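I've put the structures underneath this note.
What follows is a pair of complexes built around chain A, which joins chain B in one and chain C in the other.
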Partner chain A sequence: MKLSDRTQDGIVVLSPSGKIMGGPDASLLNDKLHQCIESDQKKIVVDLAGVEWMNSTGLGILISSYTTLRNNGGELKLANVTDKIHSLLVITKLVSVFEAHDSVDEAVGAFGQG
Partner chain B sequence: MDKPVIKGNTITVPSKLDHLADVDLFIEGILRGYGTDESLIADIAISVSELVNNAVSHGNQGESDKIVSVSIEKTNGSVSIAVTDEGGGFNPGEIANPVADENLLKDVGRGIFIVNSLMDTVETKKSDKGTTVVITKSLQ
Partner chain C sequence: MSLELAKIILYFLSGGFLVFLAITITRDNFGYRLNRMTGAMLACAGLGPLFMALGAIAEQGLAPGMRLDQISFYNIHYIWELFFPCLLVFSWIYPIDRFRSFKHPRMAYLVFIPQITHVIIILFFPEFTKLLSIIEIDPTQEGVAAIVLKPIARLFSWILLLASYVRTNHEVIFGAFNLIYVFSAIFFLETGRPLVTSPRLKKQTEVVLWGTRFGLGLFVIAQLGATVLPYELPAGLTSVLILVAMLTGAGFFIFATIRHQFLDVRLVFRQSFVYTITSAILVGTYIVMVLQSRRFLDPIFGEQAELVSYVFIVFILLLFQPINNWIDNIIRALFMRTRTDPRNVMGRFSRQLISQFDPGQLRKIISEILKTSLLVGQVYFVLFDDEVEEYALLPGEDVPHREVIGRDDLMLRAINLLDRPTDMSTLSDYMENSKLGALLEKNKVRLVLPMKDSQHLLGFLALTDKITGYRYSSEDLNLLGVLSNQMVSALTNARLYVESLERIRLQEEVTMARQIQLDLLPSAPPILSCTEIHAQSTPSRTIGGDFYDFIDLGDDRVGVVIADASGKGMPAALMIAQTQAMIRSELHNGNSISTMLANVNQQIVQATSSEKYVTLFYGELNTRTHEFSYANAGHNCPLLVRSCGDVEFLQKGGPIIGALPGMQYEESTVKLETDDLLFLFTDGLSEAMNEREEEYTEERICEFIVSHRDHDPESILRSIVEDVRTHDPSTPPQDDTTIIALKMNNGLEPHV
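Then we have the complex of A and B:
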């Protein structure tokens, strides 16, 4: 897994790519998300366009970040959820937890509508 | 053992999460050799990664001097994959239902649930030497 990050309109956009399966790679995303939270960057979009697949470790990282942000007055939104990841979100019922958007622009824009 | 060993259709790795990618590369390569659909490869790869994660973290309880072996076999249009660790296994009944409202926001506990959802069969066999989980999936 690789990870890139940028800021768009004051919102942190994290773009992992490859597979999120656990082990040292997965900690890249986990560490980055929690660094953002610690540095008071509490509005985050995770762009999943480049993620081939993830397992329960990846879902756990997203849920952990979602709850930590929410408990600290922040928010995490998903963008470009692939069919494979969407089906995992459906299986695990996490589709009812995450707010997902068809593009990063749409996800970033949604922060202003809250 | 300090690095993965491949013999035929079996890969044996030291019991460390660092080797998840080695197992994935091996299994996906063989599945592509079978001409398997990419979406099906992903479902199987996700399931294998869950089982290896469990074998390392729970079966072998993080003891890196232990090993995990993963074997793959194709028979009658189905693929069968066995993941073996050196631990005593677990009771699936002890795992909380991850889709129950009270568990939905927990960050762990979904692995076996996902495997059961994606695969056709999941069978656990225990022996004196360890625990083997065998998953099967139709390739048709």
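Then we have the complex of A and C:
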């Protein structure tokens, strides 16, 4: 997994790419999140467009990011959820937990309304 | 005449040899006081016989009746007496350097004054009586000048009288000084001896002391005693005794140097001593033989004798070759096989290190070898400690407990850049704010010896000064550099050995864990009148993160669980063991399915971090009513295949277990009819991947089960496993795979 980040309208957009499979991926994303929390950027969109595949550990990383952010008073939204990941969210019934949007713009916009 | 000539040659040879020795020793390590002083001492000792030889030559050519000591040039030979103060200073720095502990070390050189005075008096004031007449004042003279001058003149005359007395009796007076010096030196050497503790240094000191005692003893009897005390030896005996004294004294010194590393003289020079001795013997023998041969050849060959003698010399040289080798071998065998010879030290090192795998024992051996071979005072180990993942000063003789050193320590980073033994003084810039620096300073570390494999710094050895107080020679540093490489491989081997033991132990633990896991799974599916059940679980590693369970709840109810923990291996196994125990205890408390799942979720959320979760499906079959109540907690939907071929997905329930707190689970009930097939699986089956990274997919499972719905559960499980294996032949499967098939029995009517 590779991770790039940018800021759009004051909201951090994290874009992991490749396969999210645990191991070093977990700490990569986790460290980034903690950096954001420390610099008081607690509204984050995770853009999943570049993610080819995600296993159960990868999903665990996403859940962990979600709870870490929520416990620190922040919020995480997903964007560009691929079919594969969407079906994973459906099976695990996490669709109701994660707020998923079709595009980054839409996800960023959703923060504005909230 | 010929005896005189032999004497002169012997004097020359021994004097020259001593001076050569002195130059060699001083040149090899001029920085060391011991080397300098020993060199000076030997040089002075060598000057004695050289001057004696010159004197003897001069005597041959002197006019009859003329005395040698009347030639003022010849008097310079007294300079050799500086040997005695050199000896005295030597006795203060050997075997232990006590010189440094003196309050004013430079004052020690005042001991040179008497001998220097002697030389000055002898060279520049040949006759004091003449001087006396110059300042003599007429006693009848009156007046102011006389009153002032008289006392001065008297003072001068007393001084000059004293000087002339000294001049006349100089041999006795300064001979007495020299005698006192000799005895003091022997006294100091003897008192220094008990301070030596190392066995090897003890031997070396013994040899040097015997050389000093023997040589000086003979010399005192032959020369000093005879000068100062009222006895006299025959002239021939005196010179023989002095020669023997000198040669044995020097011989002992050389032996101590080569055999017991008395001086830190490089190996090359130690070898050169040996070669010098060998060639001196050979040349001597050769000269004698050539001279003898001329005596034979001259009368026989007459004018042709010269030509023939050349042929003879060549012949002798050829003859000498085997003898040369032979002597060389003997001398080598005698001198070179020492404990400090690098090849021997390395041999010993390898032998002892190669068979040792216990890191603690290994450090002990390294420390022991360095202490005995190189006389290192103390050895400290700073090594990377796997336990704390930091470098640490390891506990040892002077270190009560481990001192962890931070990765950012300035001194540590400086040492990391080194690749050879380095003196601490060159690292003084990194002392500030460095814990390591402070520790090294506190323990009086002189030398650090980094140990590196191809890229990493395994750690380093910190060595204090040698027990002798001398510095490390370049020979020592070279040897330490080579030894550090050996230590690197020994330490690496030891670590790998410990790691492999650890791996074996872990493997045994995993095997035991697997057994426990197997014991936790139902040994056989329950035998029910209305259904036939089959289950199978295959972990991708020895232990897995899947589990299934059948629970007899009484009242004609049987619980079925299938679950999959995120991740694999031991962490996942621990998760499922915990989940399984919680489910059983919740159900035995009589809780409903939705309450049970909500409680289990809550407990796991609290017990583990949020990225660890379990997907789980729980169902309860009432064997009387054939009602099947279930809740699906984020698990792959089990398939309910009706006998007609219709498929229902059992998806009602809630999110995965253990990820988020406060989740609710919805319970649902379906009625099972005869020949209905329930198929439960984990994602190891649906996500089995072939080489083209294509998954087996839930759709394919569904199709397969529908087409095989007429088969009995056991054969359904077998055939789907085969089918998946044709898609992904990897064994064991890439992910834990668990499957359960439950089929309603057509043979028996349910009880109503």
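Observations, loosely collected:
Following the convention adopted for this analysis, the second predicted complex is superposed on the first by the 112 of 114 C-alpha atoms of A that agree within 3 Å, B and C clash if a C-alpha of one lies under 4 Å from a C-alpha of the other, contacts with A are read in each partner's own complex, and residues count from 1 in each chain.
Convention: a residue touches a chain if its C-beta (ideal position, glycine included) is under 8 Å from a C-beta of that chain, and two chains touch if they have at least 3 such contacts.
Just so you know, these numbers come straight off a predicted model, no measurement behind them.
Of the two partner chains placed by superposition, A:R6 touches none, neither chain B nor chain C.
Contact with both chain B and chain C is seen for A:L94 once the two complexes are overlaid on the shared chain. When the two structures are aligned on the shared chain, A:M21 is found in touch with chain B, with no touch to chain C. Put chain B and chain C next to each other and count what each touches on chain A; the higher total goes to B. Taken together, the two structures place residues 22, 55-57, 59-61, 63-64, 66-67, 91-94, 96-97 of chain A in contact with chain B in one case and with chain C in the other.
Of all residues in chain A, only 22, 26, 55-57, 59-61, 63-64, 66-68, 91-94, 96-97 touch chain C in the complex they form. Those residues of chain B lying in contact with chain A across their complex are 16-21, 24, 39, 42, 45-46, 49-50, 53, 98-99, 104-111, 113-114, 117-118.
Against chain B, in their complex, chain A makes its touches with residues 19, 21-25, 52-57, 59-61, 63-64, 66-67, 84, 88, 91-94, 96-97. Considering their complex, residues 564, 566-567, 609-613, 615, 632-637, 653-656, 659-660, 683, 687 of chain C touch chain A.
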